[in-house]
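Both complexes shown next keep subunit A, but they swap its partner, so subunit B is in the first and subunit C is in the second.
So, the complex of A and B:
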């Protein structure tokens, strides 16, 4: 079995910023994820976080997403989760956050 | 594919309280993602086994390994790494009464991590949401009902997203509805957070609802470890006594009994 490496990458797309996460997001590096999310928001454009390649996320990773979402809302910005993997969805559902975040199927929908 | 190393490996564990042997050659192994229930009546040794699994008691003989680390031989740093990866929900809750519920849940994160305060706040409040205590972070433990104490203790136990969670008597003292909700929660935690969970209980209904596998202890010995259905169908008389709540015939060893009553160093 191939496990994707733990990575966070930022891509400037037309009209929005896409943050791609992969691997297992846990305490050991979630601070880096938080930084990347907040940096992406600081650009001032809509932000999507692609979670399709995330095989595990713990609550420190979820906390980074919550902080990003809250940050966007206070600045009337847009912050969406893109292509949420089953593993991530299960954790969101556990905390009922699937009803709080904006979830979209693909990056095309980051800009509403 | 090679079988992965079990998260918990106990081999030939003996425990004594004075002259009484309370665990006798216990073998116990739990794999990743499993929900294992340790079942047995009062005095069966299940709490003693739990204390050994948590490293709170040293084995009289035998070994206890968590994540491959032999707890009796590990150095303090190694033990600390193990402790970060386990969560424990104690029977009575063991919440610190001078701290708010939120502070209790945040405590392991403040002790063991260097996360920034906003992350700690969100993480600990998330855990309260998960156990259905959202918004109660400012209450003091004394203001909580019995069921809420259990849930707050569970929230603290999972504060660090442990890979291995121990839960001592989740249903004790709870009404059936609250107890059933906790059982549901245990199942969801395993599925969503991929925890391996060890539950100690004497509540049969709860045990069969949540267990993948059950270890039945009796008088300090493992009577059986197997899938829940196999335990239910086991021909062993003691297991059936336990399942059908039949009182056991206590075996009396006259010599040992007299020694306990009369010797100075019992």
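So, the complex of A and C:
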């Protein structure tokens, strides 16, 4: 079966870093996602994770985002989820984490 | 048109001779604006049009006015490209003045109104004699001059507005014609809008009624039996409502009576006849009389009351509880098929459809099932179109039955219908099976073996989605169940096998009625179930979330260590709403 590729891309934007994920985030590459999120935070600027092209996420993917969130909090940094797809939102709601994360509609809002 | 330009300038509102002057351009615009507004906010079109016509008479200072509409054989005709517009008539719906023309009819092209509609243009008849045909009365009223403007809509003219004779005796002018032309626009728009709103309401009402009819019909179909019962039926209407039906009931002597029927034609009247025929056939078989007599009784009754050339095709009969023998009779119904050990036998109807001819006799069949299955199906099944648009016919139905010959009768019927639906259903389709009841084994919907590796998960999720979609599960629930199974696999990979050992995961999805089970087996060291604990939801820690998600999604789950100290079986269960839209078992 042919699946669309899973990709993670980091973009340096004016005043923040945008991590773009696409595909299905599961155990097969959530470690890579975690690394990308933590690397972006290490730069010391606000970080947005664009989830608009993520069609599936499991608990290991959510865990990577939770870790990013905690890491940012420790360092008083800003960490937001951008353009969360319906599939991701459903899992966040199921895990009762939709109120924990800061969700924004577009990358413009990463820097509040 | 440019109204300001077309109309003469102000000021004088009263001429030197005391006669009222023509309206000024600004007065005309104000009048038009006011009229448009009144028409736009009106809910009562008849009242508004009446008021508007009075206003027009007052404003244009004329002696008489009439409002014509094209007769309303309309809606059906408008859908018909071959409709001949010339055959339609204009009828005067409203008239003000010394003569009442209400009810007067004009052919298109006749009279000023007829010509205005035919030419889709405003007509001015400046001098009288030309046009006296409808505007004359015994007391000497005649039309000296008149103007008629069509009521234009995007779909062509729907009527006309006509004014006659200025009160000051001056002939109506081209300027008056332009003004009436402008006045006709908001009136036409209001009528057109009101008609559309009416049509919409009508559509909604029809939909509600169809929905009611569909639910009534569904309520007539027997409830699915959970116990070991020899008969299973399935009905799939091609549209909202069905002309097909089936029924079964138990007699005091232990026999089970059954009926399957098909009403000729489609639509609401076929559906209504279905309701009658279904209750009639049930009633006629309640005494346990022979199937041939049963049909004859129902036939005589239907002949009394069924008109319009409609008729009913049916098979009725009885079987014993163990379905060793089936005795039945058919009336114009497709042949009943016996499928036994891979071989088919045909049992055609030995009588004409019901409701055509009184007093006809019907023949019977008496069949020993001997482990076989009897299939009765309406012609909707044979009329299903294949890829090239041809009906699959009896051969196609046989091929489908042969292809889905294993599993419970319900599971087979469901697969058969699922395949029929992938082809093109053109008619209501109903299938009834009769066979010795089997012990109910859960149906296996999916069986996979995968390497316990993260790279395998994606394909498993896709396979699961496909399986759950085939059940018709709502997408949100489907995604949650996929997530739960994925989390279970992830836990097996990470925790049961861990980094140190590898192996396979067996996945089976089973359905037992409304209960879905997901069975995951592994060959990892036995897990201590008491050590698996979910993390509280909403807790912002990055571990232990998987089990919490599984807890959220499924009704129950348990883990059983296998015997030899190696291997675990994890079972997730979820009760689903019966996917019962059209009586699917």
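Worth pointing out:
Just so it is clear, the second predicted complex is superposed on the first by the 108 of 112 C-alpha atoms of A that agree within 3 Å, B and C clash if a C-alpha of one lies under 4 Å from a C-alpha of the other, contacts with A are read in each partner's own complex, and residues count from 1 in each chain.
Everything below uses one rule, namely that contacts are C-beta pairs under 8 Å (C-beta built on N, C-alpha and C of every residue); 3 or more make two chains touch, one makes a residue touch a chain.
All figures in this text were calculated on a predicted structure; none of them were measured in a lab.
Overlaying the two complexes via subunit A brings subunit B and subunit C into a clash.
Applying the stated contact rule after C-alpha superposition, one finds that A:32 touches neither subunit B nor subunit C. Once the two complexes are laid over each other on the shared chain, residue contacts for A:100 go to subunit C alone; subunit B is not touched. Of the two partner chains, subunit B and subunit C are each touched by A:60. Judged by the number of subunit A residues each one touches, C leads among subunit B and subunit C.
After overlaying the two complexes on the shared chain, residue contacts for A:69 are found with subunit C alone; subunit B is out of touch. Once the two complexes are overlaid on the shared chain, A:90 sits against subunit B and subunit C alike. Among the listed stretches 20-28, 218-226, 326-334 or 416-424 of subunit C, only 218-226 clashes with subunit B once the two complexes are superposed.
Overlaid on A, the two complexes show subunit B and subunit C touching the same residues of subunit A, namely 26-27, 56, 58-60, 62-64, 66-67, 90-91, 94-96.
In the complex of the two chains, the subunit B residues touching subunit A come out as 113, 115-116, 118-119, 122-123, 126-127, 129-130, 160-161, 188-189, 191-194. Put simply, subunit A touches subunit C in their complex at residues 1, 3, 24, 26-29, 56, 58-60, 62-64, 66-67, 69-70, 87, 90-91, 94-97, 99-100. Contact residues of subunit C toward subunit A in the complex are 454-455, 457-459, 461-462, 476, 479-480, 482-483, 486-487, 490, 493-494, 537-538, 540-543, 545-546, 548-549, 552-553. Contacts from subunit A toward subunit B in the complex involve residues 26-27, 30-31, 34, 56, 58-60, 62-64, 66-67, 90-91, 93-96.
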